[in-house]
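Listed next: structures, encoded as structure tokens.
The two complexes that follow have chain A in common; it is paired with chain B in the first and with chain C in the second.
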Partner chain A sequence: MSQIKNQLAQLNGSANALFISYYTAQGEPFPNNVDKLCGPNMTDFPPFHANGTEKTKLVELYRMVAYLSASLGNVTRDQRTLNPDAVSLHGKLNATIDTMRGLLSNVLCRLCNKYHVGHVDVTYGPDTSSKDVFQKKKLGCQLLGTYKQVISVVAQAF
Partner chain B sequence: MAFSVALHPAFLLVVLSLKTSRSEVLGEPFQLTPEILTVSTESKLQQVNLQWTVPNLTHQELKMAFQIEISRINTSNIVWVENYSTTVKWNQLLHWNWKSEIPLECVTHFIRIRAMVDDAKYLPQNSWSNWSSWKEVSVQVSVAPNTLLIFPDNKLLEEGSNVTICLLYGQYLYNVSCMLQKEPIHGEQLDSHVSLIKLNNVVFHSVSGTNIHCKAMNATKMIFGTVLFVSKVLEEPKNFSCETQDFKTLKCSWEPGVDTALVWSQQDSQSYTLYESFSGRRELCDHRNSHNWQITDDSQETYNFTLTTENNLRKRSVNLIFNLTHRVHQKAPHDVTLENIDARKANMTWKVLSRGNNYILLCQIELQHEREVIHEHNVSVHMSASYLFSDLEPDTKYKARVRCADANHFWKWSDWAQKEFCTPEAAPSQALDVWRQVRSENGSYVVTLFWKPLLKSQANGKIVSYNIVVENQDRLSESEHYSVPAPALGTQLSLDPCSYKIHITANNSVGVSPESVMVLSNDSGHEEVHEKRIKGTKDGFHISWEPTSGDALGYVVDWCVHSRDQHCDLQWKNLGPNTTSTNITSGAFKPGVRYNFRIFEKSMQQKAQLLEKQTGYTQELAPLENPEVTINNFTSNSFILSWPSYDSDFQSAFIEGYHVYLKSKEMQCHPKGKRMTLPDYWVLCEYEIKDPEQKAFTVENLRPESHYEFLVTPYTSAGQGPNETFTKVMTPDENSNMLLKIILPMTLCVLLIIIACYWKSQWVKEKCYPDIPNPYKSSILSLIKSKKNAHLIMNVKDCIPDVLEVINKVEGPKTQCIVSGNPHNEDVSMKPPSSVPTEDGSSGSVPFFFFENFTYDQSAFDSGSHGLIPGPLKDTPCQLGLLTPPEKLLNVLEKDYMKSLAESPTEETSLIYVSQLASPMGGDKDSLATNPPMPGHCSEYKMQMAVPGRLPSLALSENNSLTSEILLGQGEQ
Partner chain C sequence: MSTLRIWLTQALFIFLITESIGQLVEPCGYIYPEFPVVQRGSNFTAICVLKEKCLQQYYVNASYIVWKTNHVAVPKEQVTVINRTTSSVTFTDMVLQTVQLTCNVLSFGQIEQNVYGTTVLSGFPPDIPTNLSCIVNEGKNMLCHWDPGRETYLETNYTLKSEWPTEKFADCHSKHGTSCMVSFSPIYFVNIEVWVEAENALGKVSSEAINFDPVDKVKHIPPYNLSVSNSEELSSILKLTWNNSGTLRLKSDIQYRTKDASTWIQVPLEDTESPRTSFTVQDLKPFTEYVFRIRTIKEDGKGYWSDWSEEASGITYEDRPSKPPSFWYKINPSHTQESRSARLIWKELPLSEANGKILDYEVILTQWKSFSQNYTVNGTELIVNLTNNHYIASLAARNVVGKSDTAVLTIPSSHFKASHPVVDLKAFPKDNKLRVEWTAPHKPVKKYIIEWCVLSDNSPCVPDWQQEGGSVTQTYLRGSLLESKCYLITVTPVFTSGPGSSESVKAYLKQAAPSRGPTVRTKKVGKNEAVLEWDQLPVDDQNGFIRNYSISYRTSIGNEIVVNVDSSHTEYTLSPLSSDTLYMVRMAAYTDEGGKDGPEFTFTTPKFAQGEIEAIVVPVCLAFLLTTLLGVLFCFNKRDLIKKHIWPNVPDPSKSHIAQWSPHTPPRHNFNSKDQMYSDGNFTDVSVVEIEANNKKPCPDDLKSLDLFKKEKISTEGHSSGIGGSSCMSSSRPSISSNEENESAQNTASTVQYSTVVHSGYRHQVPSVQVFSRSESTQPLLDSEERPEDLQLADNVDSSDEILPRQQYFKQNCSQPEANPDISHFERSNQVSSGSEEDFVRLKQQQVSDHISQPCGSEQQRLFEEGPATGALGAGTDGQVEQFESVGMETAMDEEIPKSYLPQTVRQGGYMPQ
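Here is the complex of A and B:
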């Protein structure tokens, strides 16, 4: 459990820097319209209840991190194409995804060992491949804005 | 059936030909109305594709003109009219497209077409056919409420081009403002749901594109956007050229210009394609700026290349046509060798890649020394060549290099082929520039020889040593050889006072330089000439002289760089025979330093004779210090100030004189001095000594017993010395000398008298009243006190008494005395002490001890203490021990005396020493006078008697004839 807490703390500590790096790399109007373009208004983001039981929280955490991990993979792919020179952003995205993968493994291990939960149904974000470039930028920014906000709540919940 | 099928086309052809021939014959105009088949769109390209046919065409081929009209929004708003001519075949589908500047999603377009026969084979037609019906062109998009759609999406365009942005508003959306990056952009409202923004001359922002975003001012305040991918303009390749080195490969190169790649797969870097028209080969270039084209056909001499670069937006081409033999870039020469022929010549050989005997190359040869081209030459070469470098410097590194090019059709030089080499050494070519300094020392010459190092071009190698041959001119058979190893630039010889001829040469590994000769005569170093002062400038000195003889070989001017230091660093300058002046410049010259120049004339016999001495400063400075002044002949009215000479080499300028300042109160200056009044009634007199050789100044007319202050400072052309503190003096009293003459002898006389008197008194005292030794100061006392060595205490047996005196003449057995001090009577019987009378009347004899008086105290005696000197008895046993054997004495004390101590605890004093001179009883001096204690024989020591302090008074009757005995009672103290 301590590893989960440490990983959450690590994600929480790096989320803001990732968010800033992202919207800065997109250029105007993103840095000056963060609230409008990157607001955490994603409708399909998996819910998390901080006052639930540990088992519930772990299951919700698993769903959320699985969602984030997949979505950030798409964002990373898009940014490699769209902003090939934003090396710092690419590094932060990759590091976040790596940590999330480790966290997923640990959460599932905990669920399995303690609560005998071997499978959790997860949901993923919508396919954005057909979206135009501006929409992709915007969706990525919204994802990271949501992630920054949610991860702080999650980190405190454990 | 098959037959009928075969006949049908034949029939039609016949009918058509008949119809045509009829029209041709008749010349009737005929109209062909086109029919639009399909109208499609390509939204991404904003393109409308039109497909039509000419249904009534009966000719196999017919040249026709078509007019196409496009209207926007409604059919009456014609925005485009275009004529399109083509040869129409029978039953052919015709295509045409048009790109709209406005995204097709935003507005509806209408299109129609008409035609006209435009064939020379027929009569010219002056009228168009009827228009086809309008065809609507639109791209249907649905806009959700509260949503804004921006077209075009992800538009790729070139920098500097124009683009029209179209906004489609959803329901409830209004009042939208847009920005391009950070710049607001404004458009026109086309209708309630469409507005257009025209952007002219768009600029490249980044390879990631340029964001356009629009913000709706309704409640949602949502932001919508799109990205414009603005590419840089594709540039034409520059400096396109092709060349070959081996006739197998053509290397084509060019400057590609800016990369027009954009991200998001919008546009890759531009591609380059090389096309050769004669061979018809096309190759995609493997690099952005070059391509190797393989020569496959050896017979092809002429090449016509077209280099095409292309990206998604543009294509550019450049053309190059050339003959292969004119584009030969020769390979660098090979097998370059260099052979030294001698120290000044070297031969270079090389080979070139040739294409036959008739092929001539032009080769360029360069010779470099220290990266500087010193020789350049061009030669024609067939296969191999050689070139001789001459006039080289010995012992010098060179770099020779060669490059070649086609001599018939010069295209480019080949790369350089180079080789470094070093020429061998040669004997030094130049005689040394030598000079000497001569001084006499202990009757012989000390000759210091100097020479300047040869230049590299003169040394022709590394100088190993310098050879000196000294020939005695007076004794020709005598000559001495010296060898001074390099890099020494001088040596010192000690020679007898004769004439010498000195030969100096420099040696390297190959040979010897020409010799330099100097002749020293007997009087060398002793020449006396007048010294002339010269004035230098900031840059140096101008020296001029008068020649003395007309046959001078030349002149030498020498001087020391460091005139103030012991290390002279002699410099000299050789001058020609007709020279009478020269400028001596040196960066080492400093202001305030005296430089001494000597001008020598060299005779034909190489003998140097001193002509002149000149001395001067580049810049004279004020003196840095004042002389140390001493005062002589100091009287009440005058004194003389004197100071030593300056060392001329340490003068910062020529001293022109001295200023003497004298300061006092109420002083009268000498008429030759300047008077200045200072505050507080002080007067300053300034005297000027204009003779720098004068080193003394008499100050006169002074007042006795007055304070004076003086300062002596030299002055030069640059000013006087430092303003230091004045030295204070006070003139003596006028009578002081007289007093001294009287008082001094008198004082001496008095002193002599005092000394004589003292001596006399000492003599008298010594003779008459010698000093009584103080027993307390005796060293033996300390030994006794320590008691560390009991045996050190004098044993009475060892003592030789010099006086033996019986104090108490025993008339009865009452008193027994212990006698001590007889040196000759060691067997004096020591009787035990008798009992002492006590207060209670018990009878007993009182022991009396006689011993030598070590503690005689005259003052105590004089104080009227009746001769009784109370004192502590702490050391009593020891004192006793001086005269009495300790064991016996202690026995006495233990038995009687110590007993008495115990009986009288309040009385510390138990023994009282009584001088034999003291009054024996009750201060009765008369009785003392009548019965003085008489020593047995003459002794320097007075006898003293110790009496136990607390002994009761003896009951003495007047009849008792005690003459020198003192009886002490407790009450009498």
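Here is the complex of A and C:
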């Protein structure tokens, strides 16, 4: 469990830097319109109830991290195309995704070992591959904005 | 690898077949297993199967198979013929890593052909890898190490496998077999399981899996941007700041040291275990430069310490000097009665005590019960003129912060007598330094001054010094000391009233063998001993305390003898030595660290001891002298006897009996026989005729008989002459000589015999009778004798001038004729004979008598040689008279002594043998 907490702390500690790095790398109008363009207004983001039981929180955490991991994978893929020179952003995205992979493994083991939960249904965000560049950037920015906001809550919940 | 082996085998096969048959054909058989790999130490069996068509083609079967390993035939004991086409070979305990195994057949029973070949590899299956460990270098992928175990001698693959509980990661294939770096980034806070699989032809094994969280295996990047800053408020602190990498919570490890130090000082880890990026180091020395470094590790201590950061340095702020300088003084020895010059000296404070940059020194000089003088000095000495009174000097160093405490020194009056020295002063090397120890005097000591300098014969003693506290009784000399140098160390206790007496000691930091050995020489060399002496080595060459000398001496063929001599000696006596022997001596000086030989010196012992020669020679000489003296005395005592035998007295004719001289006495010898006897003209013997002395006066009868005898002789022999004559005729004449044999002898060998009648006695003996003697000379006879016709000319020359010189000569050189009492008789005879009829005979005798004067000396000899010329011109009448009278005697004597006579010199008082 300590590893999950450390991973959440690690994600929480790096989420803001990732968010700033992202909208900075997207260029205008994102840096000057972060609130408008990057507001946490995603409708399909998995819910998390910080006051639930540990098992519930772990299950909700697993769903949320699975959603984030898949979405960040799409964002990473889009950024390699849209901002191939944003190496720092790419590194932060990869590190966050890797941490989320580990978090998922830990949460799943925890659920499996302690709560004997072997499978958790997850949902994924929309595929952005067909969207235009701005939409890709905007959806990515909204995702990271939401991630920054949610991860702090989740980190405090454990 | 296996592909390559197959290819090589086939190539070998084709090559062999081509060589043996000359064309590419199918192999006649195969070896099974085709690619054998055998574990070392195990048994291995291979079989060779021949094809049927080859059996018929080459008329062979399995019994014709020859197995070879590395081109060497395998012993038949290892070969088994299984059937008509198959042969097997078995190897036990395979040890070779690679063996080339070939199956050969003797075609037609004789020609060996290669059928098939393969390579047998041997080795070991892989050991289970152990000691698997992984490290995550921050910013890099995970790297794992393991121990593969023993060498397999086979191609072995090592694979690092890793997985989460929920997924597997890509395998990591090792190139070296001992480590592998995974290809994925480490993910912290998720346990990963890692193990190693090893596989080769003989087996496959896996190590134990390790399960860990990669975050616990992290080696972080060293802290960076380390900076150091000081504080003006506190001179003992420095503040560090730095940056850490990553987001993990890290603890730090801080070390520092002074700039010149080599060892690091550790900041306690308890003070830095909480995550931080700054730290303040306290309890530092003022105005001291410190160097810092830092490293980090995960807060819980898991993982690895990072490498040390780059070093950063900072200087603490200044503080007032913590101690006063060491303070001492020197009085100039050449001071006057009224004043003296003092040189106040002090040492620069070490940085640890100066606590800053010393700006200047403040010196206060206070005379006893008088005013003070202040000096501000930038250097480290001050020369002041003092009276003979007591002074107190104080010294303080000052920097930008403040002033040190004062060092007070009492300079006593010039009449002060120092006392209370330290005792048991010792100095010895220790820990590559010179340690000085002493026992404090009974009087309380304020401080000690230790001075030292290098003792040298070439340079003066320039002392260095240091100060120690009053409670110190041992210290090390501070300063750069040299090895093999003699240091004179002086310790002076300083009391409140002034300095005490000094004590000195010599010491070496490190001794060495002397630079050169002593030069030995001999002081005295005797027959059996030699005193050697040498000079003490100069202190510059000693390089240590000379403990002893060794003297080695030997002869050219003898063994070397070594004697040790105490170092306090400068001479030594070698004994016993052999006389008259060359010795080679070498001397060495030894310190505690070794010795050095000096130059070789040689000397030779004398054959005799001093005075030994004198002891031999002096007695011998004395004995010789004594013997000589005794001989002389003996001869003196026995002189008569000796004279009788060696030097008999010439008979005195005057003592002869006249009867024997009588012409009537029958001659003893026949004249004829005499002519025969002296026919050769030489006289070889001398006979002395002793004639009994007769005091009787000559009588006229004797004269008559003499005259008759002469006449007879003239008539018979003509020019013959000789010794003889009666005493009556010769008694009044100084000398008359004649030699009748001369005439005959001159005709043959030009030898003239002379005879002298010595008027006086021998050696003051008064002869009682005349002595007749006979001499021998090579003077030719006068021409008048040889040529009677010249006599006519001589007769005609009366009183000629030629005669005078002869007479003068006789007077001057021939025994003082004037003093001779016979001279009157001589003249009288001359007058008597003048004009007589015997002048003719006398003239010839005169020529003979000229020769009688020969013994008168060399001048006479010269004149004597001129005689013939003179005679040729004509003889004087005096000479004629003289010769005339001697002829008679010679004639008489000749009859009596016909033998021979020694030539003799006429001298008044005696004669000498010639």
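Convention: the second predicted complex is superposed on the first by the 158 of 158 C-alpha atoms of A that agree within 3 Å, B and C clash if a C-alpha of one lies under 4 Å from a C-alpha of the other, contacts with A are read in each partner's own complex, and residues count from 1 in each chain.
Following the convention adopted for this analysis, contacts are C-beta pairs under 8 Å (C-beta built on N, C-alpha and C of every residue); 3 or more make two chains touch, one makes a residue touch a chain.
In this text, all values refer to a predicted model and were calculated from it rather than measured experimentally.
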Legend entry - Superposition on chain A - do chain B and chain C clash or fit: fit
Inset, instruction - Could you look at A:G13 and tell me whether it touches chain B, chain C, both or neither (first, second, both, neither)? - result: second
Inset, instruction - Please indicate which partner A:P29 is in contact with in the superposed arrangement: first for chain B, second for chain C, both, or neither. - result: first
Inset, instruction - Based on the superposed arrangement, let me know which partner A:Q3 touches: chain B (first), chain C (second), both, or neither? - result: second
Legend entry - First, second, both or neither for A:S152, with chain B first and chain C second: neither
Legend entry - Centroid geometry (CA): angle chain B/chain A/chain C, rounded to a multiple of 10 degrees: 30
Legend entry - First, second, both or neither for A:T128, with chain B first and chain C second: neither
Inset, instruction - Could you say whether A:C109 touches chain B, chain C, both of them, or neither, answering first, second, both or neither? - result: second
Legend entry - Lowest inter-chain C-alpha distance for chain C and chain B in the superposed arrangement, angstrom: 19
Legend entry - Touching both chain C and chain B, counted on chain A across the two superposed complexes: none
Legend entry - Complex contacts: residues of chain C adjacent to chain A: 164-167, 185, 187-191, 213, 215, 247
Inset, instruction - Show which residues of chain A lie in contact with chain C when the two form their complex. - result: 3-4, 6-7, 10, 13-14, 94-95, 98-99, 101-106, 108-109
Legend entry - Parts of chain B lying in touch with chain A, wherever the complex brings them together: 153-154, 179, 181-182, 205-209, 211, 213, 215, 221-227, 263-265
Legend entry - chain B-touching residues of chain A, taken from the complex the two chains share: 26-30, 33, 36-37, 81-85, 132-134, 137-138
